[in-house]
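Across the two complexes that follow, subunit A remains constant while its partner is subunit B and subsequently subunit C.
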Partner chain A sequence: MKEDGRFKTNIPWLIFLTAIIVLPIIVRSNYIVSVMFFVAIYGMLSIGMGLLMGQAGLFSLAHPTWFGLGAYIPGILSARGIIPPLPGIFVGAICVALIAYIVGAPVLRLRGFYLACATFAIILIAQVVAAQLTNLTGGPEGLVGIPALSLGGFVFKTDLHFYYLSWAFCLGCYWFCSNLINSRIGCAMKSFHDSEVASQSIGVNVAKYKLQIFILTAVMASFAGSIFCFYLRFAVPDSFGFPLLVELLMMIIIGGVGHLRGPLTGTFVVLWLTELIHGYLGKIFPVMTNEVDAIFFGILIIIVLIFMPRGLTGWIDQLINLGRKLYDRFRGSTT
Partner chain B sequence: MTLLSQIIQYAISGITSGSIYAIVGICWSTVFLISGVMNFATGEFVMLGGMLTWVFFDAGLGLAYAVILAITCTVLIAILLERIVIRPVRYPTEMTYMLITIASASVIKGIILITCGSETRTVKPFIEIEPINILGATLIPQAIVVTGVLVIVTLGLLWFFNYTLFGKALRASSINQIAASLIGVDVSKFRLFCFGLAGALGALAGIVITPIAFTGYNITPIAFTGYNIGLMAALKGLVVAIVGGWSIGGTVLAGLALGLVEGFVAGFISTGWKDALALSIMVLFLIFQTIDFSRRRRKIFP
Partner chain C sequence: MIASGDPRHKSGQSSSKVGVGSSLFEVIQLEKSFGGIRALCGVSLRLEKEGIVSIIGPNGAGKTTFINVTTGMYFPDEGDVYFQGQNITGLPAHMVAHLGISRTFQLEELFSSMTVLENAMVGCHTGSRTGMFAAGFRLRSAREEENRTRGEALENLRMVGLEHRAADDVNSLPLGERKMLGIARSLGVKPNLIMLDEPASGLAAHEIAKLGDLVQKLVENRLAVIIVEHNMPFVMSISKRVIVLDYGRKIADGSPDDVRADPGVIKAYLGEED
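For the complex of A and B:
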């Protein structure tokens, strides 16, 4: 039964993998490939955040900061010529893990929205620091002069190269997280999500697991940031702030946090909706900035939170269950 | 400028901005204590107050009418927010409330951006007298108005919460909602009232900062009004409310203290680090509260 079940659940996963690999070969459109690149980048962020919120119940909002640090550390190191880009990504991840440890150890003692407030403050503090350390980060004007990412003799230049790189990282993170959920840490996570006192009393080291999961998702976000930075070859403090946080929350809420595929679905839906909105409403409103997008997405968040609290994937699961029940009843009445 | 006059100057601007923080902090705590909602739209009430005053003032109404209309509209928007957005949530948790108010804040912000434009706005000062000179420092009349509003609001609320039946019932329902509803307090109406009160106070804070337009030593953080002042105002208010322990007296004290500290940091060190300072105070304060010093008396909060 177990072997059979595992094989069955892997079929959609294989279809998804093939679709991702084949997509740029079938649709030779640079536009679609670049949007799908962003889906992978934001997907890595939202998977991590969904894991924290949905599975571990930690309402940490500091993900834009890890994303920004992951962009800035390799960016600065390679722009100064200290470390080449590819090792820089891993050095950046190690640095982010250290910073996440130093920040997380005291902050994760907080609970509920006090944790949310503290991590929210960390985003804005990091943004101010990035804007103020002008000779290190280039200040509000941004960090320039980041060299191209290269592996051996191969230089990542086109959108297609970055598409495959980012999806490799994204699917790796997804695979890693889905294994993590079914592992020992995952069980511990679910237990302290439901009741911290109960899991502590049966001997789960809650503080340790919280810190571990916090650092792991921070490192995932840092990889996303590094790829993002080498894609744009540019970094400004403003792109790692409150608007990014709202976008991430949107993806997570619209997708639903019940399962790992929720945030990824949410990312896909939100980014393509943004493109649609930009395409159709660009003529009506003269200023199409993030704030104007935020009107539509704000309304969407409100509707989703009120009418389908478990997000799109939860809603679809409910529909499937309903259909199955009806089908069973129908079959039962005929036989 | 001598050192003394500099110090006085920074203290004046610190108290001015501190008064605003205190009023916004009171907005947070009234809503949070009664309904348990972390209302991230508080900052947008501040922004709405300022922008709507400008809109009505620009349309040719008198200043007094513009102010009254702006407050009324903000109160209506706050009440609608409670009725349309927050009331229908099916599985109410703290987090859902927080997310839904963040979403509604961005909706309000976007609508104001589309309708009123992205420029900063200002209206004429409320009392038109010459700036007062104190030992070389300049006291702008609007600063007196801001501080006066804080004093009136604080005394009014203290009287309201301690000496009227309605206020006492509000305090009762903030302590235990079920017990309060058992003795005949209509808690759901009170939630509505609290949102309205927060809307009015926020709009008032937004209105009094609108005319602060003073070149030279202007280090008030949120002078003028624009579509994007909401977030920073909300966060400063949140810092003050958390540090002040969600009570009116504590919030006012914390607000004035934060304003003074920020004023001196901005004046003597650098204006850029000012916002990071307030937020790090909050983070450190929260972390400090979790540390168990006595080792005997374990605190559950927070």
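For the complex of A and C:
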């Protein structure tokens, strides 16, 4: 609730935007571009989860399911030639919004760990359904025959195309959510996180806003799922289950939820660390890369929780504040 | 946490509606029990217009329960609550706020992740209607409304004398200012009736004096104020009408002098002489 303009002139934001745009032009590495594509996709998920947990205080774990539905609905519709890929993405988003509404209305009456349990059940149910409805989803072997995504005459084929598409969506979501956080609705959300009774006492319809934010983040996850699905041209139930949830939680914890840039930073760090581990440790422990992965991230989370309880971004903010204070004191003592 | 549940209007109580239309706020035979404890048994109260009414009583007399039931935080077991001629019994708390009843809390319940100004701005929630899309896309309407809300919030802060702390973190406020911010926040609802839950508890003498001035100012702005308080000198000095609750029952209702002399009240506070 600070600035007036629609697009705040925000220098770090501009630098970041430019970096994202010119990165593929400078590095010209397919590998880096494809990892950054995944950063954007998972970023959309983690931003949504960060918004739910950090701002609204809703401990909802259903994100992998919205991601999966966002992948399967347009995937199935386009593989069967019912709806072409691009409109399918929006049909998928609408369906996810409806499902999130139907699920959220009763489930969001729960609080804290009860909400976590209920939403965790949603993941398990969705995964079983996706694996068992073999006729529709292709079962555990996966959904195949998904056509290429095209816009007008332009077909999204290369990693570079998907890189720009995913970052456009990701930054769009980021912009939308950060506006939201700083708005009347964001403040209402933070208010019921801080004190639900006080929030109601000043007329905030807590149930309504919980449901709205739940649906919004589900739709963001659905867009991410759709792009993911048309990138791989393939979908399996296993990509939308518990491991994805763990990865998302890891990103949020490591990045910090105090601000939206936390989850995005966390996503970047976790995905690149995974790549580095696979690249370097793979040579040392060739048969146990996944186990090493788990141990490494386990230790990292513990370290982050102990030394940076507000995540990497919270920690960096603290350091900057400290530096500023020291600088002021230094200047004070010299003059 | 207090559950807010669904809005259930009680039906078949039309007999108690007689003469309700004229008063600002009326509570009829309110009952509320928690398990075996009857927190409120048959409390009735009628407020004609703006002014200060204090509710006092020993600990556990049902004073805070009275506020919680009449503002929709709890459902009453029995009885009705009318506000400006409308039956608001069982309405959820946020609807009650929309209608123009606001309250403060014993433990302030400020929004600790926000600044002082933001707290006051959230208070003005009912006065704005920016939706999720307008807010997310930062449309002109959202920005204009935000500026207006900021103005109103600053006005409310000025009212309680906190405008100089607007940019500060809520957690840096001392207790007296926290209480004041609670009042500023609840003024954002633009209430006709405001209920203050122990506004003077823990305050120093000069802060209590300031609080008294503020309450007088609210009444001058045509607000009805219900004060739930333990601090007798404060209550007796500020209010023309005092209600005494004891074990959920109304045992006295009248001017401070009448109440002070009431044998039932003396008994409730000091115990009975053998």
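Here is the rule we go by: the second predicted complex is superposed on the first by the 319 of 335 C-alpha atoms of A that agree within 3 Å, B and C clash if a C-alpha of one lies under 4 Å from a C-alpha of the other, contacts with A are read in each partner's own complex, and residues count from 1 in each chain.
Keep in mind that, in the parts below, a residue touches a chain if its C-beta (ideal position, glycine included) is under 8 Å from a C-beta of that chain, and two chains touch if they have at least 3 such contacts.
As the structure is a prediction and not an experimental result, all values here were calculated from the model.
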item	value
Partners on subunit A (subunit B, subunit C) - clash or fit	fit
Touching partner for A:Tyr327 - first (subunit B), second (subunit C), both, neither	neither
Touched partner set for A:Asn205, first subunit B, second subunit C, both or neither	second
Centroid geometry (CA): angle subunit B/subunit A/subunit C, rounded to a multiple of 10 degrees	80
Subunit B versus subunit C as contact partner of A:Tyr114, first or second or both or neither	first
Touching partner for A:Tyr31 - first (subunit B), second (subunit C), both, neither	neither
First (subunit B), second (subunit C), both or neither touched by A:Val129	first
First (subunit B), second (subunit C), both or neither touched by A:Ala294	first
Minimum C-alpha separation between subunit B and subunit C after superposing on chain A, in Å	5
Footprint overlap on subunit A, comparing subunit B with subunit C	111
Partner subunit C, residues of subunit A touching it in the complex	1, 4, 6-7, 111, 176-177, 179-180, 183-188, 190-191, 193-207, 212, 216
Residues of subunit A that touch subunit B when the two form their complex	53, 59, 106-107, 109-114, 116-118, 120-122, 124-125, 128-129, 131-132, 242, 246, 249-250, 253, 285, 287, 289, 291-295, 297-299, 301-302, 305-306, 309
Contacting residues of subunit C [partner subunit A, same complex]	1-2, 4, 71-73, 92-95, 97-98, 102-103, 105, 109-114, 117-118, 121-123, 125-126, 128, 130-132, 135-140, 142-143, 145-147, 149-150, 185-186, 188-189
Contact footprint of subunit A on subunit B as seen in their complex	38, 85, 88-91, 94-96, 98-100, 102-107, 109-111, 113-114, 118, 227, 231, 235, 238-239, 242, 270, 272-273, 275-276, 279-280, 282-283, 286-287, 290, 302
